[in-house]
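My questions will all concern the structure given below.
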Amino acid sequence: MYIILLGILFLLMIITPLIFKNIKATGLVTILGSLFILSITIKIIMLVSRFHSLSFFNEFFYIDSLTLLQLLIISSINIIVSIYSYKYIQGEIVEKKISLKRGRLYYFLFNFFVFFMIFIALTNNIVAMWIGLEGTTLTTAFLIGFNINKESLESAWKYVIICSIGIGIGFIGILIFVNGYSSGDPAQILKWSHLAKSSTPQSTYAIKIAFTLIFVGLGTKAGLAPMHTWLPDAHSEAPSPVSAMMSGVLLNLALYVILRFYIITKHIPGLSNTRWLFIIFGCLSLLISSFSILRQLNYKRLLAFSSVENLGIIALGLGIGSKITVFGALLHSLIHALGKSLLFLTAGNILSAYKTKRIDKINALIKTMPINAVFLILGMLVIVGAPPFPSFFSEYSIIVGTVQSGNYIITALYSLCLLLVFAGFLKVFIKIVFNAEPGVTYEKLEIDKENTLPLSLCFILIIVMILFMNGYLSSMINNAVSIICN
Amino acid sequence: MQYNLFYVMQSILILVLSPLFMGILKKMKATLRGYKGASIIQPYYDLNKLLKKGRVVSNRSSFITTIGPIVMLATSITTVFFVPVIFTTMQNTIGNLFILIFAFAIIKIFTVLIGLDSSSTFGGMGSSRESFISMMAEPLTLFLLTFLYIETKDFNLFHISFINSNITHYDMAHIIVMVTFIISILAENARIPFDNPETHLELTMMHEAMILDLSGSDLFYVELSSYIKLIVYLVILINGFIPIGIATTFTFSALLIGFLAFVFKLLFCLLGIAVIETTIAKSKLFRSAELFPATISLGIIAITLIYIL
Amino acid sequence: MLSLFGFQNDWLSIYFVLIVILIFIPVAIYTKGYIIEYKKHYSIKYMLLLIILFVASMIGVILAENGMVFLVFWEIMSSSSFFLVIYEYLHKENLKSGIFYFIMTHISGLFLMVMFAFLFKYTGSFDFKEIARLSMNFSPEQKYIVFVLALFGFGAKMGIVPLHAWLPKAHPAAPSNVSALMSGVMLKVAIYGFIRISFVFLINTPLYCGVIVLIIGTITAIFSILNGLLQNNIKKLLAYSSAENIGLIFAALGLSMILINYNLKLLAALALTAALLHSLNHAIFKSLLFLNAGSVLYATGTKNMDELGGLNKKMQFTSICTFIGTCAISAVPPFNGFASEVLILRSFIESITMVHNVWIIILIFSCGILVALTSGAAFYATVKSFGITFLGKPRTEKAQYVKPIPLSMNIGQGILALLTIVTGVFSPFIIKKLSYYTNNLLNTSENPPSFINETEIIVFTLMLIIITLIIYMLNKLNSRNKNTEINDTWACGYHSDQPYIQYSGSGFSEPAAKVFGPLTNYRKKVSYKETIYISEKTSDIIEDHLYKPILKVVDFLTTKILSIHYGKIQLYLSYIFISLILALILVLKFL
Amino acid sequence: MIEDLLAVILISSIFMSGVRRVKLVTRVFIFQSLAIGLIALKLGLDTGKMDYYILGLLTIVTKVIIIPIIINKSLNQLKVNREMDLIVNGFISYILTGIFIMISFGILSSSHDNYIKTGIALFIIGVLLMVARKKAITQMIGFLTFENGIVLFEISLTKMSLVIEAGIVFEGLLLALVMGIMIFHINKTFDSINTDFFENLKE
């Protein structure tokens, strides 16, 4: 029922920009639709909390707590971003940066993008997950190259090539993976819920290869280093709402797909060591991104690197694999989505006010754009893991987990990277917000008040998360943890 | 009760006689240098003269100059009541060495600040040097305390002199620490080789430079306080290290012996200072600063000697 | 009552909470007047909010009974103090030092996080009671690990060498009321944490832990006070002096740890009492001095003592308060610095006679010498700061035309000055109370003797006051019919009204610079340009030789790692394939 | 028949790795795709399963007809349709592909599945085209070659449901379309499709 409802909703949302010429109406429809999606998500959450898991359409769709987490992330970020887009696109059109047609294209692609993400989260079919990922590549490729100029085209091209190769590799992995189970019932073989329960495959060797291919291939899409190279380019060039969506949700979702395969792989005897892939690539991502953050000239690029870093943290947490770290990783994916969206959207506001992404061109934001400055600082605190924000607990639980499992080197490395990221963030954002050049008087900009509703909404969600962290949220995450750790 | 009365009396004795001892010191120096010198009660005349004079105060001076000399004198008078002179027992509750040592810090801080108070060049110079010297001399105080504590397991000077009074044979460490303390006395009381108390030459003076802008009664207080301070230091030296002969029972003969022994030892100490001051020239500030590392290593040797030998 | 809310209520926490509150009240009163100055450029509500958050989080840290709660409050304390440090953000250096501070404090936070993770690993709990119950039975290695992490974690916050570099940067940058809180209270919170870990949890640490703490504490004390001595910025000098006092406290703690190891519990309790008392005393007099520095800054607009001088005429009350603070920090009786200084020296001296290991004796003795030297240097430094700033003649116009100080600021200073005297005179009673608790903590079987003769210091004080009054009366009598002439200071016949004939701040500390110059990287340059011009510079050698190389390494690595993102898509693709091949090899061969 | 077609694929692909002219590469690619499509059709004929027919037809329609049209369209706008300076020149490219294919065949020596072997050869060549060439269009063809390899894998390894297979092929087509549109825009903005100009974003 709900799935059909969702499908119809998306159909409407996708068609609207094609039919309606009015950009405002399209925007409103999108906001309305995302509201509906959120309410459906909440409804589904309530259902699942009662039945533990649900499946629809001959198990083509399957919902458990892990899915719920993704759904929650997608739908909450979606509503924030669609509210943001409403003013953003209008502003762009008013400033004659884009034509009306492109504005409608934006909504078309954006809704498609969201559709694919929800599809990935809901589907039970492992190949369908892949299709969904490929679909997000297709839609976001245009969204990244949205402002057709040299930089955005370059980044879009890199994105398309690198991600399609990655996804191609992942697909080979999936093929081999499925082949490893070919003795089973052909009707069931592509179903994740079936695979997770099924007995050992014919060849664990093939599964090993397959999982590595899947990990590296889809890891490209998830932005794990050293396959992350497309990410800073794409995130810095895409329109800010798209960056927020990609950074907060899409990367996470790609990791989610890997995780689904990992859950299957993990239960095969002798293959639980594949978790080292998570640890190694997680650490690599942490290292590379944290050092890169130290010397960035472009604040959106900085945020992109931070996404790599946070994905590294999540991967590390999943890789360590004890209950506490997995809990931390899942919690972190949630708070990172919110925090990073907050930062990207604020960055978008700053970009539209200053027309530059260069850090050294922006000073004394607290004087010129006080509201955005406050959100920027708050977002920074969320991302670097300052309490009482949940990111502190998620990052800390990973420290506890690494110590508990005896991987002290990883603890040291992890702490070092956290420190470096902290230093890098602090240097840049404190400079942007507080630094005042002597002899310059800073006037308050009118644009400051524009488009702050989504920011405050985002922050309210974070506050809500703090409040619910010990209650419903943690029980939901704990359910998800038990799916992974079993 | 009679003990306490006697304590007060012996302390008042010191108080009253301290200018006399300074006169004796000056006389000794003069004799050693081969001239006649002033009478030994000359310091009383000097002090009396100062007391009679009016004050000349710098228009820059502050409450430091107003209260400083008074507090300095009061402090040094107070310390006198915290030391044994010719009689000591184990019953006494006051007389902790820490309080004595730190009480001199009151005098020091006021002298130094008075130097800075009148905004003259000399004062600043004197203060700076005095602070420097006293900083370097600080570890020597520690030696004193440490060593006496090792010997007697006590910090009370009355108890220390009581316990030490029957020691006749002094070991090496004892002598070494005594020497370091003597150096410390010279440094804290602005004697040669650290400072020349007689001249008013800008290159050589420290203590005099600081009180250069005082006059009249202010100068009286400061001078008297410095006399008393020197004598108290010497009393600590005498009764801490060589208390032999000090009265430990409250009989007339013992008190007499104690008095004679004390006077003899004090005169001997003054003679020692006079000899040092006539034979050694005041050394450069940084040269004299070098004396401290030397003394510190001496002290370390002394303390380790106790443990290794 | 407190434990109802999951908070700690043993005497240690209560004691430190008392310190926080004791300092906070006068500082809060002071703040009322002090912030007027900021109205023009900055938001006042923001500052008040942050200060309340800051103080509340400190109390939270102290009262926390759970590792997580502790860490949360700890981090909130760090972030709120950071935003307070950069409160005057229009000055660029403040931002820089604020960032440096926050990074250092984050290092501290990370170490503590790892430490609590280890405690969790060993005991399976974050609850302090549970940890305290199980931590006694730790193996020596486990104790070492926890101890080292605690040392770095709390040490970075306290500012022990070599992690002290943020202190002299952050304190001058922060508004003075905030520096008073930071130096007076926040450092004590770190000390509290360290005591809780090493005395309440670990109790019997291995011998070398104590040795390390003792050595580090002593080095911190002597190093920072020699650096502080050469500063001309009042607040920087005070910041270094804070590090020095922390070093002293730390040395006393180390001594106590060593003594516990030799089962000399009574003496250990003495050293611990000394540390605790000094924490209180330092909190009071250092806050007082920072508030005074704030008043000077408020009135004249400069922190550089070479531009000041002669403020006693126009800021009588402040100068008296500063004088009291200076006396306290120079351990002049009967002010409060004296009592704890005596206790510290006493514990050093007594332990020399009690310990029976020659090498430990030599260590304690040499540390004792350095501690004594430190107290001498502290005297030198604070006399410099008071004398140059308040006495003599105004050196520049800034010191000539001063703003009047609001009443509330004076009240704040006055309360603290009063506290300095009260806690000094009544220190024996405080010591008695404290030693009761420390003896309890260390389980000494014997009855604790009184560490200091209670009557003596009071007798001394009373005598001093009475004699002073008598002399004062006599002086009045004596000077009744004599005239007092008030004149310019005689300047050997030159113009005596020239302020530059006075000793400057750097001149005052010149002797020390000559002897200890290499320790502080002191450089002097004399140049001739119309007149002789002398420029001096000091820098922190640890910053130069430890921090900068590390930064260089990080910089180098950054350059190398950044060159990964070369911009060529072909290269990027090859990364994917290389990592694929490597991952395959890894998975197939090693896993 | 199938073996012959596989041979065609291998030969064409090795040729692809060293050819400089973009048009020629495209033609070889068409041949290759056609062969793959034919293989799928032949398999369908042999086994009688609908899946193979659909796959074969879809492959032919998209890769032999639609995608070449897209490529040609973008090629027509180019001034230079020749790889000017290769990162790895033709000679070495041939040798490299030979070596890599040899190694991969060596690794797979235990398997007798020629589809997989050929598929891997296609992967290698696709990757080579993407890594060692500078023109965006060559990279696109490299990617499509890579995808052809995937199709061969698919043929060999699994049987999936119709919808899914259609989805996969359809997405391949869409991707090619997206790339084509991008090349069009790139050519318009950069006045070239040389990826050497793609170095604005670094660090």
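When the chains are written out, they are named A, B, C and D in that same order, and each has its own residue count from 1.
One rule holds for everything that comes next: contacts are C-beta pairs under 8 Å (C-beta built on N, C-alpha and C of every residue); 3 or more make two chains touch, one makes a residue touch a chain.
Just so it is clear, the model here is predicted, and its values are computed rather than measured.
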Top-ranked pair of chains - ranking by C-beta pairs in contact: B-C
Chain whose Cα centroid lies at the greatest distance from that of chain B: D
Inter-chain centre distance, chain B versus chain C - centres from mean C-alpha coordinates, in Å: 34
Chain A-chain B separation of Cα centroids, rounded to whole Å: 78
Between chain B and chain D, centroid-to-centroid distance (C-alpha), Å: 100
For chain A, residues contacting two or more additional chains: 157-158, 161, 165, 232, 292, 295
Multi-chain contact residues (two or more partners), chain D: 127, 130, 139, 195, 198, 200-201, 203
For chain B, residues contacting two or more additional chains: none
Chains grouped in pairs wherever the two touch, ordered by label: A-C, A-D, B-C, C-D
In the complex with chain C, residue positions of chain D that touch it: 87, 127, 130-134, 139, 195, 198-203
Chain A residues within the chain C interface of the complex: 157-158, 161-162, 165-166, 169, 205, 208-209, 211-213, 215-217, 220, 226-227, 229-230, 232, 273-274, 276-277, 280-281, 287-288, 291-292, 294-295, 366, 381, 386-388, 392-393, 396, 399-400, 402-404, 411, 415, 418-420, 422-423, 426-427, 430-431, 434-436, 438
Contacting residues of chain D [partner chain A, same complex]: 123, 127, 130, 136, 139, 143, 146-147, 150, 153-154, 157-161, 164, 167-168, 171, 174-175, 178-179, 182, 185-186, 189-190, 195, 197-198, 200-201, 203
Complex contacts: residues of chain C adjacent to chain D: 562, 565-570, 573-574, 577
Parts of chain B lying in touch with chain C, wherever the complex brings them together: 51, 53-60, 62-64, 70-71, 73-75, 77-78, 81-82, 93-94, 96, 98-99, 102-103, 105-106, 108-109, 112-113, 115-121, 123-125, 127-129, 131-132, 134-139, 141-142, 145-146, 149-150, 153, 155, 213, 216-217, 221, 285-286, 289, 296, 299-300, 303-304, 307-308
